[in-house]
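In the two complexes that follow, chain A is the common piece, with chain B as its partner first and chain C second.
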Partner chain A sequence: MEAVLRMPRLIATRLRASPMLLMLAALPMFVILGLVVALVWISFQTGIVGTPNATYTLANYAEIFGDPFVLKVFWNTIIFTLSTTFTALAIGLPISRLTERTRLPGKGLVYTIMTLGLLIPGIYTAMGWTFIAHVRIGFLNRWLMDVFSLDQGPINIATPVGMGFVQGLNLTALAFILTAQMFRAMNPSLEEAAKIHGLSFIGTLRRVTLPLAFPAILAAMIYMLTIGIATFDVPAIIGLGNRIYMLSTYVYLKANPPDSGLPQHGVTAALGTVMIFLALLLTWWYGQMLRQGHRYEVVTGKGYRPALIDLGGWSVVAWFFIALYFLATKLIPLLLIAYAAFTPYLAPPSYEMLSKMSLAGFYNLNWDLFWRGLYNTVLLVLTVPLITLLLSFSISWLIVRSRSRLRYLLEFGAFLPHALPEVIMAIGALLVALFVLPKIIPLYGSVWLIAIVYVISRIAFATRALNSSLLQIHRELEEAAYTAGLSPMRTSWRILVPLLRPTLMSVWIWSAILVYRELTVAVFLISQENITLPAVIWSYWFSGATNQAAAVTLLMTAVLTPLILIFWWFGRRQLMPES
Partner chain B sequence: MISIRKLCKEFTVTDGKVAALKSLDLEVAEGEFFVIVGASGSGKTTLLRCVAGLESPDKGEIRIAGKTVFCDAPPTWVSPQERKFGMVFQSYAVWPHLTVFENVALPLREGAQKIPRREVNQRVQEALRMVQLDEQKDRSSTLLSGGQQQRVALARAIAVNPRVLLMDEPLSNLDARLREEVRGKIRELAKQLGATVLYVTHDQVEAMAMADKIALMSFGRLLQYGEPMELYRRPNCPEVADFFGSVNWFSGTRVSAKVVETKIGRFEVDMGGDPGPKVLVGFRPECVQIVERGHGPRPNLFDAVLQSSTFLGDQFVYSVRVDDQSLMGKSRILPICGDRCLQLYVEPAEIMVFPQAERQDPLLSATRQE
Partner chain C sequence: MHYRRKASAILTAITFVAGLISLSWVSGVSAAEGGKSAAIAELIKGAKQETTLRAQWGADTLDGGPGLQKIVAAMNKKYGLNIKPSFTPGANMQGMMAKITRELAAGQPASSDVYFGNPQSMLQAMSANSLKPVDWYPLLERPMLKEAGFDPIVPGNIGIAMASTLVGAIYNSNLVKGNDIPHKLEDFLNPKWKGKIASTPYAAGFREFAMPELLGKEKIVEFTKKLSKHIGGLIRCGETDRLTSGEFLMLALACGDQEVNMAQRQGVPLGYAIMDDATISHTRYAGVPKNSRAPNTAALFIVFLHTVEGQKMMWDIDGLDFHLYPESNQKKKLDAAKAKGAKVVISSPQWLNKNKNYDATQKELEKILRGEVS
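== the complex of A and B ==
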């Protein structure tokens, strides 16, 4: 009895946290838990799912694993994911090696290009590459057909390998960051020792560098596999129209069947559950690999710089490679989107097409839809980053400052959204909104449903950034404020927020950009009312109105550009491993 | 002013629990400069943080000026904000994004006691003048030296006119010379303000120089508390004696009420007791007197062979052997003689006698080497 009476005071004083702070931190945990539980629960139901009338069954799982088409989808996903990972590493790893260990001129520009690579939405690359290499309409294919007088385009981007290549281009910047961090942590004297003891360049690479780097490279690979397995935007832009399905797009098909079929929510949930399982497995494996990688981290003296390799004439080749990457992933796709926006139909650029360029595509837009999309997107950009920061700040503060064991639970909870891809959260949110909540809170079709999922999925990144910054603020700076009589709220506002400002700013702008360009969650949860700008693009694209989609994309870019510039100002240093 | 009863605090660490405070009792009178001293890990900072309200004890009671701020039964908790203390932290905790002036003004403006705007200026100026920082008031606090930051922290703590000033090793980050200068000023300032001060340090010299009263802590317990001279001259256990300075220890047997027989001979002591049990006798190096030879056998007089001597400026520290026991002495004159033989004398009043616990000896001889 006494112990019970002591509990609230104990928790409050032990954590030295106000009940409000605890609530703010616990709220996202419950949402995540709710989404996952609902997903798993519905996956065992048929009939009228989500109600007491539902029948509990394993039929959904039987349907997944018994259907040869689903097996084909699994196979597609595996090929796609491997292709993604291979492409990203094949481009990202050499570039990070070049910037970290050679005297390549203009390294600053490489970092700039890579940051842009992180910021420019994946759908741009996907649309651009459809224009380049679609089997029928792709300009490159048309050109090759003309030159070699072929009946069919020789390149097909709408295959698992092709889509994996495009997604790999999108993830190159990420591969670059991950492997650059690895090179930073690796003691260069280990390689130097091999050289001094007579190993050739190739020998050193084969016997020392690669074995040392292997756990970290494998960890980067697993990280990208985790992302790849649940990627929605690229398979949706390129694959859906051509009926090549990945797990993520297949789930979409089950939830939004074409030709007025009935949505199979039980199957959707079962697929989501399988994906949760895969994602958690990969995340666990990733953690294992990271731990192994740290074993090799030999502590180097402070200010110790590796001897940089002189590239000589090879730096021209290196820059050619980097420039090619930039052209292929950013510049050409963007130029082609701009071109498509001003042309009446899709045709390779020619003198004739140039004369047909006009603003007609813009006049024909459904401006009502566009403004609604822009309104919703702006609403999300204004609210989601702020709420994310508020919640993440509460979580981080408790993780870093409290000594209660509950903090481990919080840490795990805040990490979960990182492990769970957006597709899964989108399905979870869809099911919860449709079957669990409708009587309590009618969220379905509301922009706030999208907002909730956005906040949850951004929390993992935000808390990690805030944790490391908060750790660097001496505990006594806060305690000095408490003893001086400042309330916890005022202490946060007057002491912590000003000291954390650089991190808060960069997390805010980074979340804003991600929210602005986000497609996956939006596509799963849209209705007429809560459509977002990327979803407007997608619906034009999906209905075959390619030129209108390009027009909206161009308009969207006009808003994105200033956001990116703001990001440049505040956030670059936080994300890039620039010294 | 501060009254602590049976205070207990445990910390959970990875491999179990560690008791930082073990049923600790303490009384601090109003206006007293009270220093808590102890080795690192003795629980002194935990005690201070419990008083400040930054740490919540498990059991016991803390009363400030007659008002209970913490008690386990009935459960009572007063937040650190409402305790209205001034505190100087080991890291100074000067807010780096604020200027010197703003650092001192923030608690006045936004703290628990809302002070009128006009008065704030005046009080900040006054506090800064007291620590001689009034000319640097508009400087960014990141541009200050360690000593200046320490003074900002002090000004911030006194500006709120606290009933109690808490200081957690405020001088440990200053260099040696500055430390000596500042400790005099802190004491002066505290006395001028008439504040009750609870001051934590690991440095026994600092403690003796500043304190009205000292409490020595070890492994979560108070070993002894009292005036500095009392702790130095009349420690209640060998640990206290050792903490405040080096001691020559010898184990022996009490042969009569005031005579102890040891390996190096008989000691006549002032501290009487029943004959019989094993005892530990000890005296400080500065109590060893070099006397002229030829006095003949007499109590407390020993023939010694000089081993080494070190000149420290204000004194010589020398080491001698008596029989096969080592002994340390301090002297203002050069302990020199032709054949390296000396005769030493210790006053009976200077000799400390403690009952000897069997296993204490090796521990003590280990600490004595420091």
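== the complex of A and C ==
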């Protein structure tokens, strides 16, 4: 009896976070803070940062605010980012709705298509689209020129809009995953009511579905806008050669001047500092959107099952749309990779080129480098998602369960890395590892330095997903476990982890895939010991060895596809709605 | 008789003096050889304590990893070593120099035990004091030819030239043929190339042409402004796939002819044209970072590249060799240009130091080419 009377206090005590949880949540915050401080410090320097040759100055800020070219770069980035987000949503939203809300036959295959797409590095989608829509060599342009007797190809992929379209195709899978959850949870009763009242499919979509989905779409849009700003591979492949510069490629050129001078990390950091303010703005907006989300809540409680729509003959149209997307973003780039891997040099496909196909690209590979890259990539794929989940779970638990005002700070801290370009984080981490940490933790040149940046940059994605899922689990379950005498750790393990398993699996898979193909951070942090496979591909491509880059990509895809499919098979069983 | 004796005495004296001279010359030579052997022996002794040669440079330099493996294998055989090569692709020459300097300042070992650079990065190394001074001449197996106004050793002995490559235009030989092949800078402005040719983002070649002893800044700035409106884009020197694919028909100007030397051997449809306006030879240098983990092996590696075998390997692997060696293929091209009466410039850190406005001119040309200024 006495024990029962003491229970509320006991529960209150236990609901306070354990020191371990606090420590795990605080750790990434310190790293993020360290990176931001390093960034600001670097932004006031010129010369080789961290050496006696460096001098303190405001010139970096003067350069970025005073140079009209930088304004042009900003403008290009805005157009590119909007085009990216529009394309990704315009394709991703219909596919996610088709998959989650209809009885589309073979929808398991859609999940596979969307996942496999992420295995193909953006470099190759960009190269594939160069062959499709380049103003001179793109076969689509050549065909249009022949048909309409034009002097020049009418489509130009080498514009901010064109590059945004290509990057949008790359991000469609992400748009799909970000909006699938929303469609899965949406109560169809309002749509059904609209149908009963005679609204057409388009009318229902415009007046019911889209307004209901608006907060989630807007949140996904903001999320993708931040990705668009930092995108590197497509602007690097298509834009650099055609003199269309985005923020990411401008930063890259400043950090890696092609031939005439020292890396200008100061300018890079000054841009990064400006982008932190943009991140603050976006984070605030994102927060507002999430807070207003409850106005649109139409999900019922227990026993809720969304009804699925029968597509009938429209299934064919739906599959044609998905197949077109698959062709443009997966099949053509993959075929191009295979073609490039087996040909001695890059030239438009022809009978002559096909007769020159050989395994030389594979024979000439630096296999020692390949194995080193594979080892490090596998190590990162195995560890980063796990650490990300552990830290994100701690942060999300505190954000969702805590009543402290500090939770807002945690929420901001967790979202901030997403808005920071990875180039900036990589340079910050590099300099911290070189000049601040070497005597405490020798991270410079190790794979763990890359792992730390990866973990930090994935926390935003993981905490977004875990926050939503944790909100759906009533705290009564945890309280019951505490009452039964379980420690906070065991409660998490026995109660929360099983309930969160679909989300945890989903975050794990997506983190693993994103880590597997990540390039930007790796390019800045590579050394003898920590090179990753995407960095190997980039270095081959960057030095003009396109066929060897393609050979490594092909090997990389072949090695990891079965693993990804296994991951996805397990994950899909948890994620797919019952039909 | 008297004369005969006198002649005999003179002959004996001459023979004696000649004998003395030749003896002293031989002993001098063998002393020098001995010095060389001692210096090399010292390096070999040091290299035996070092197990690995870590190398980081552009994947296209010396054919990256496979090239390094071949050279180290030959070096191991020649000097009786068992060094394991380990290659990681890295940034461009300036980027690698900045990296090594930063690592030195932080007390970290260098990412690359050997450093390969161009005249600009060697100038950077001179001011950053990041490469180890080495007395190169006693280590070399054979003497180099002399070239007026060009010293292959970087001031302070921090590096040594090891290869030369000639500036020109790379073109797709399936699409640019006969009279269309450019011979003068003005040829690039032919209206038929409008939007179809590329240049480099770092104004390769033009930065040298802009120096007073060649075409001068004013002329080249004006030319570059026209070229900037004429080109379809900017690509790096190694991106020859963008020429073979037909995306661009020509690269004006390229950093050197090594890619084409290699491509032509493999039947890749690329051609190379050296400009009649002037001939510029870009020099490639090597040095040992002060924070190298294998300084002896690194120095030995560089010395090996100067041997007949080393030079041949460089030519076979990377299409490069050094014009100060008699058998050099680049020497033949340079001699042919000289024979045609072309003005020849050998780019070096000393030459850059002499042309104080080189850096500023390059930056100005880069901005014009990138479209930052019209």
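Side notes on the structure shown:
One rule holds for everything that comes next: the second predicted complex is superposed on the first by the 298 of 579 C-alpha atoms of A that agree within 3 Å, B and C clash if a C-alpha of one lies under 4 Å from a C-alpha of the other, contacts with A are read in each partner's own complex, and residues count from 1 in each chain.
Throughout what follows, a residue touches a chain if its C-beta (ideal position, glycine included) is under 8 Å from a C-beta of that chain, and two chains touch if they have at least 3 such contacts.
As the structure is a computational prediction, the values presented were derived from the model and not from experiment.
Of the two partner chains placed around the shared chain by superposition, chain C is the only one that A:52 touches, whereas chain B remains out of contact. Contacts of A:495 after superposition: chain B is touched, whereas chain C is not reached. Set against each other, chain B and chain C touch different numbers of residues in chain A, with C touching more.
In the superposition on chain A, A:136 makes contact with chain C only, while chain B stays out of contact range.
Of the two partner chains placed by the overlay, only chain C lies in contact with A:240; chain B stays clear of it. Contacts of A:474 after superposition on the shared chain: chain B is touched, whereas chain C is not. Of the two partner chains, neither chain B nor chain C is touched by A:148.
In the superposition on chain A, contact is made by A:543 with chain C only, not with chain B. Common to the chain B and chain C contact sets on chain A is no residue at all. Of all the residues in chain B, the ones that touch chain A in their complex are 11-12, 52-54, 56, 73, 75, 77, 79-87, 89-93, 95-97, 106-107, 110-113, 153, 156, 160, 166. On the chain A side of its complex with chain B, the touching residues are 2, 5-6, 9-10, 13-14, 16, 403, 405, 474, 476-477, 479-487, 490, 494-495, 498-499. On the side of chain A, the complex with chain C involves touching residues 48-53, 67, 69, 130-131, 134, 136-137, 158, 240-243, 245, 253, 256-263, 344-348, 364, 366, 368-369, 372, 434-435, 438, 444-445, 526-528, 531, 535-536, 539-540, 542-546. Within the complex, the chain C residues that touch chain A are 54, 56, 58-60, 64-66, 86-95, 98, 101-108, 111, 118, 120, 124, 127-128, 196, 198, 200-204, 207, 232-236, 238-242, 244-247, 259, 263, 266-269, 359, 362-363, 366-367, 370-372.
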